[in-house]
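Going in written order, the chains are labelled A, B, C, D, E and F, and every chain counts its residues from 1.
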Amino acid sequence: MTKSNLSRWGFAGLALAAAASLVEPALAQAPAAAPTPPKPNSGDTAFVLFSAYFVLMMAIPGLALFYGGLVRAKNMLSVLTQVFVIVALVSIIYVTYGYSLAFTSGGGLNSFIGGFSKAFLMGVDTNSTAATFSNGVVIPEFAFIIFQMTFACITPALIVGAFAERVKFSALLLFTVLWVTFIYFPMAHMVWYWAGPDAIADAVKAVAAAGTDAAAKAAAEAKLAAVKADAGLIYSWGALDFAGGTVVHINAGIAGLVGCIVLGKRIGYGKELMPPHSLVMTLIGAALLWVGWFGFNAGSNLEANGTAAMAAINTFVATGAATLSWLFVEWAAKGKPSLLGAASGAIAGLVAVTPAAGFAGPMGSIILGLIAGGVCFIFCSTVKNTFGYDDTLDVFGIHGVGGIIGAIGTGILVSQALGGSGVPDYESKPGELAVAAYEFGTQVWAQIKGVLLTVVWSGIGSFVIFKIVDVIVGLRVTADREREGLDLAEHGERAYNL
Amino acid sequence: MTKSNLSRWGFAGLALAAAASLVEPALAQAPAAAPTPPKPNSGDTAFVLFSAYFVLMMAIPGLALFYGGLVRAKNMLSVLTQVFVIVALVSIIYVTYGYSLAFTSGGGLNSFIGGFSKAFLMGVDTNSTAATFSNGVVIPEFAFIIFQMTFACITPALIVGAFAERVKFSALLLFTVLWVTFIYFPMAHMVWYWAGPDAIADAVKAVAAAGTDAAAKAAAEAKLAAVKADAGLIYSWGALDFAGGTVVHINAGIAGLVGCIVLGKRIGYGKELMPPHSLVMTLIGAALLWVGWFGFNAGSNLEANGTAAMAAINTFVATGAATLSWLFVEWAAKGKPSLLGAASGAIAGLVAVTPAAGFAGPMGSIILGLIAGGVCFIFCSTVKNTFGYDDTLDVFGIHGVGGIIGAIGTGILVSQALGGSGVPDYESKPGELAVAAYEFGTQVWAQIKGVLLTVVWSGIGSFVIFKIVDVIVGLRVTADREREGLDLAEHGERAYNL
Amino acid sequence: MTKSNLSRWGFAGLALAAAASLVEPALAQAPAAAPTPPKPNSGDTAFVLFSAYFVLMMAIPGLALFYGGLVRAKNMLSVLTQVFVIVALVSIIYVTYGYSLAFTSGGGLNSFIGGFSKAFLMGVDTNSTAATFSNGVVIPEFAFIIFQMTFACITPALIVGAFAERVKFSALLLFTVLWVTFIYFPMAHMVWYWAGPDAIADAVKAVAAAGTDAAAKAAAEAKLAAVKADAGLIYSWGALDFAGGTVVHINAGIAGLVGCIVLGKRIGYGKELMPPHSLVMTLIGAALLWVGWFGFNAGSNLEANGTAAMAAINTFVATGAATLSWLFVEWAAKGKPSLLGAASGAIAGLVAVTPAAGFAGPMGSIILGLIAGGVCFIFCSTVKNTFGYDDTLDVFGIHGVGGIIGAIGTGILVSQALGGSGVPDYESKPGELAVAAYEFGTQVWAQIKGVLLTVVWSGIGSFVIFKIVDVIVGLRVTADREREGLDLAEHGERAYNL
Amino acid sequence: MKIVMAIIKPFKLEEVRDALTGIGVHGLTVTEVKGYGRQKGHTEIYRGAEYAVSFLPKLKIEVAVSASDVDKVVAAIAGAAKTGQIGDGKIFVTSIEHAVRIRTGETDIDAL
Amino acid sequence: MKIVMAIIKPFKLEEVRDALTGIGVHGLTVTEVKGYGRQKGHTEIYRGAEYAVSFLPKLKIEVAVSASDVDKVVAAIAGAAKTGQIGDGKIFVTSIEHAVRIRTGETDIDAL
Amino acid sequence: MKIVMAIIKPFKLEEVRDALTGIGVHGLTVTEVKGYGRQKGHTEIYRGAEYAVSFLPKLKIEVAVSASDVDKVVAAIAGAAKTGQIGDGKIFVTSIEHAVRIRTGETDIDAL
């Protein structure tokens, strides 16, 4: 009884490959036996496409406004431009080589990174399919790609909040190119690359079919081992991450923390008033993030079924709980319940429930939200002030901290005893999704290992990249330009002419 | 020829129960005859999930901005916070006990309210299903829950417009908890709780199958009567409400009217200028309400089919007609066609078409919109001024009045003679959706009874709750705090720092 | 080997008609042979409905904000009102006679315009279906109508950008009624009206079935010719337009150019500062246009399948490429990369990829985007200044120019040699979608002819309509009202009271 | 001629305007300002950061009047703008040497 | 030294600035204000509520000049800001006793 | 009594306020203004259109003080607002003839 499918995204295209390889021997033996490869259905396809659109809406205008509202008016456009252009830039990188690096086999480096076999989306057409998490269910590979692409687009955009109001635009673009290439795509590969349910089922069935013939059995078992080994490192550790808590949130949170330390504090930080210039924009952003996050979390199920619906409910109530949690803790601690508190709590809840969305139950998700709201509040209000780093928009305090709470919480709340769905198992009943035995220590340790690797990879990698960019173009604008505001200094525009 | 399915939402889970009960006797007789319970399909599931997301988008940021733009800048954040936190709060209440109170059998109180059998979503898992309005079609119960949840979240948020700019935040939270518990969930149960099409078809078929055996026939008929009686009070009266005209709009409109009278007028009302601080936000809100309302109205069909598409078209054109109606009436009466007029007309049209969306035809919907736009304009501009109550954002004038127009109009426009779909009938052809004979008087009277009960229930209930909250925490902020603005006084923030 | 289905929208209802006509002879011969008409599936239905909602979101609030942010604060509400009310107005016109004019046979005028057989949506009910681009796949006709309706609603709204800040509101309403009637519906008919894949397959099969019987064969061939001839003029030329590059963008761009010349420049144009009053609103608008445009482009596939997913990816990367292209060209030419540049580039890319979305491959789309971003920048910054017309918001520079680039580019990038999907062919393998041989010259010439007819039709027609409206109500407000701002002068409101 | 400049609470504008028209003064100019004085401000909290905001929104009214009307005008403003609570504001009077109505070129008293 | 303070119509700013630079005045300070006077305002209607808004947007320009330049400056502003229609605004002149350029500490005429 | 009016760079407000409270001045009024002077502005580009924007955001501070305090106040402002770079702004001093505290009716020095 082994575990597999510990993360939620399949190896796009392998389904097709597997299907093709099935057809060949079948033809060799008897035409009548040829199994037809599974076809996408319109419901799942529509579901994944609209989920992708929603994730894009999270980034633009959602995240752009959430961040933009929090900076001073003179830097509003700089933040909006950064998020908008990052999305544009990464979309091109993604179809050029990003998808291939994340979701193809990387040969000798396969534990860490994929290869270039699908660079320029070579070989992908309207008939290509990608595996989901159910045996025999596939979606068009193009749908899988666009969905994945939106994740790659939003992740570097999350980071900009940490050093907003002082970063040079050209530096940010260069940073983005390097960061997605050397940090994001490897992380995506390590967490989400696997062979898919049908490949595993086929290999398991082949072992059974091999019967008593020792040689055939050995060959089949070797094949099964190879199929199972064809996965990213964190995936192979058994770490669960439904929708990207490690790849997206911890990854961005750590990069942000490193970035804000490398760039240094804003001029006047701690001395001048720097209130958010428009909490209205921040509210719009938070609301669109909440709405769009259903695409992110439920969409990560890749199929429109009961699990997707449960992921959606979990996303909703974890967010509700974290909103209330931050609000009431702040009310008690600071005397007033603020809109920014409610909105920040909501994001903390969304972050925390991301890895858990399809694994925890609704009550577990509420608890996760309650914890995330309170703990992130403490990080953003107390810990940050204590250490004195200037993480402008609390990328670390919300995405980093919330992501870690969620990643470890997932390892606990997945337990069926706590209302979770249990750890998926594609092997014991090949062709069906079974539930593996839950072992607290093993699972939580797998989660912690995933978190640690993410922290180390993103921490060291981002640091090196920041330093390289600083040498090449300089990370920070001059003091004069920072005073003037990045909108005029960097972009030649003003946000408001009322 | 009897009517059933007079409202549009099924009794979640019963479909599953019914299916299960079918399996037992079948097994007793012959294994081959065992009917398999219907399974959700991905298209309907995706449709209901995204509809739910759209309804959330109506509330945040839609409604929050629509309302927020209309208050003075110093109260902007208070309105945004109220809407945002109500959504968070009700989401938790909903999965805790709200869903159970609305959509389970309430035993002796079943006409008015459900029970606690699904508190904490007990027993609901990713395989549970909920009935739709077609025989043999189900959706995941989690999808049904999240969809319903968004309705419960937005309804109390609608009310805040009536006493905006003066209500105490703590009072509002307490009010919300009490109001959804004692007003909303009972109303939802009374209007939307029923046995579902398959349960009715099975019972009708059982009567037929009983044949000439008198005892069996009597038992089957008793069973049929029981199935039909297992419904909320307003549902059982035969009142039609496709997407919540009574439960949501009249209910909120009346509560708002009571609330603004109990709280009293704003300081300076009628003397000081209180122009909307940002009609731009109001426009964004109105547009997102329009867009999101398709989730509300077409989504209430629970299936992606021709009726859903018709409900969407009706929603579109009723809104278009009401927009033009308000605009031109205002142009004639006041000399200028305003954006606020157009946007208000749109909302009036959306409200009015809500109960009618799946029952009227497009031309009937246009007429409904034309009437709603004009009449609501008169209520908001003349009637309110005559009576002198300070319904800050016209919750009664638009949701109450528009809701009543829609509820009664639905009883007329459902007639096939007027292009409507006819009153549904699940009994005469068990397993199929037939159309019952339309009787004008009967149907309109059923609609009026539904409206009256809603007005009485919400009116008296809300009044009592307001008084209780006033005693416990006080409903209204002090005059000083009202002058200062709720943003600073209640939340310690300012909306804009430009 | 002939080409058909050169545009992407089917003749709604004909599928039903065709199915019905199939049933009759079948009954006459043998009941067993009666083929059942295809039924819509829930996945495609959900896909088309949500695509329609997204297109509405493009218009309101998307386009309204994109445009509104660019005008001066005193004209903000006028732009928002114009877009909002145009949507309302056209929705009523569309169900009244617009759909019928666009998508029914126009008898003798059929090359140019449809008839009134479906005025008031006569004969359309929840069971009516519309053809898609796959044989045997249909969607509810109501879904097709609402999708098409949103296109008709947004197109005249695009035009208002060209003469914003000076047009009289009453004139605009009258213009809209005339323009959709005499320009838009004919264009839609000319480009998108055809018999649908099943009608063609049936006719082709009938020819084959006729066998050697000369009379029968002649009759069948005549029938086939008639089916193929039952199409709009531009369609019959073989011009490809996946989602409306000609009908929507070139059409609106040309009308805008004519409009801004007829109305004349704004007072103070070129002398006074007229900076955008809120690039924040413009960014929100651009982002919602980008997000919503997936509904526009992928939705035009009418089915949720691999082609839809490819159209979505193409839409994404063309936009990303054009964003970068405009940004970097501007950076090089003007010294600073601006948010408005990035947003304008995004729209230019979206416009250019519209006709190509389902025909080009992702790499082709990137190239299209790169070209569109750069060329549109030059038109908006240099060409406009050179000629001196005051196209306030660059409707021509972006929609006109971008549309033409896209239309002609589609004729090139459709080539399978360039990664395109190839020109569709419904005849050579009846019942299946085959690919016709690609001939560069033929295809590009067909595209150019489509563009030219659009330019001429829209150019002359719009000019005449502007002149008529000018005579009846006057196109332009007085200088005093223009100075005061249209918000107060025309609508009696102010956008902001901060 | 004099200019009477008054700093008042924003919601008192209409009453002050009415008081002035009541005594025949039909022109004035208003500016949104922020005032710092005895009236205490408020604290704003944004996530971790607390800001003590001591500047409060006020309106500045400027009225040009003939020297003989000054006392009447000062009294009218003082009466209408008074709430009796801290922060009601100040009135300052300065001389102006010359006044012109741009439209007509009229000067001094005729320009007001 | 004097301060010339002018209330003008907003769209006249560029012309006034040009007129001033034309006569060698290269410094001025502008404030957005709302004016009440003979020029009639407008009515705004929001749903039921009608507001007669009598305050109109104006700009206040302040120019510090040497006493000898005052007439030239007043004439320049009056000329450039004039449309001949009601609401063109006013010009007021006051004395200043002392002026300082913060950057250099220069005083009086040298500070301008 | 005098009014000291200073045009300063916006980010210098807190320092100026602190300098003033440091010498016992506890009241002042601030206005957002736009200044035109030697300090050069910037160019904004929106699609085709380039705008040379020569007006820069400044703050105007007005402090009413007794005649004897004027020099102290001017020095305090000048010291706190100085960066030494072009655009630091100006200080102008005018006389006021009369002052009233609206809340109490106190006049002149007592009103400050």
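Just so it is clear, a residue touches a chain if its C-beta (ideal position, glycine included) is under 8 Å from a C-beta of that chain, and two chains touch if they have at least 3 such contacts.
All of these numbers come straight from a predicted model, not from anything done at the bench.
Asker: Quick one: which chains contact chain B and chain F both?
Answerer: A, C, D, E
Asker: Could you tell me which chains are in contact with chain B and with chain C alike?
Answerer: In this structure, the chains that contact chain C and also chain B are A, E.
Asker: Report which interface contains more C-beta contacts, comparing C-F against A-F.
Answerer: By the number of C-beta pairs in contact, the winner is C-F.
Asker: Between chain E and chain F, what's the gap in Å when you average each chain's C-alpha atoms?
Answerer: Here the centre of chain F sits 17 Å away from the centre of chain E.
Asker: Roughly how far is chain B from chain E, going centre to centre by Cα mean, in whole Å?
Answerer: 56
Asker: Centre to centre, by mean C-alpha position, how many angstrom separate chain B and chain D?
Answerer: Distance between chain centres, rounded to whole Å: 51 Å.
Asker: If a residue has to touch 2 or more other chains to count, which residues of chain E qualify?
Answerer: Answer for chain E, listing residues that touch two or more other chains: 31-32, 44-46, 94-95.
Asker: Scan chain B for residues touching two or more other chains and write them down.
Answerer: 41-44, 46, 50, 273, 275-276, 278, 284, 334, 336, 338, 340, 492-494, 496, 498
Asker: Okay, what are all the chain pairs that touch?
Answerer: In this structure, the chains touch in these pairs: A-B, A-C, A-D, A-F, B-C, B-D, B-E, C-E, C-F, D-E, D-F, E-F.
Asker: Write out the stretch or stretches of chain A touching chain D in their complex.
Answerer: 70, 273-276, 330, 334, 336, 338, 340-341, 344, 380-382, 384-385, 394
Asker: Of all residues in chain F, which touch chain D in the complex?
Answerer: Against chain D, chain F makes touches at 1, 3, 17, 26-32, 64, 94-103, 105, 111-112.
Asker: State the interface residues of chain C toward chain B in the complex, per the touch definition above.
Answerer: 40-46, 48-50, 52-53, 56-57, 60-61, 64-65, 68, 76-77, 80-81, 84-85, 87-92, 95, 120-121, 125-128, 140-143, 145-146, 149, 169, 278, 281, 284, 490-498
Asker: In the complex formed with chain A, which residues of chain F make contact?
Answerer: Residues of chain F touching chain A: 11, 14, 42-46.
Asker: Per the contact definition, I'd like the list of chain C residues that touch chain E in the complex.
Answerer: 268, 271-273, 483-484, 488, 492-494
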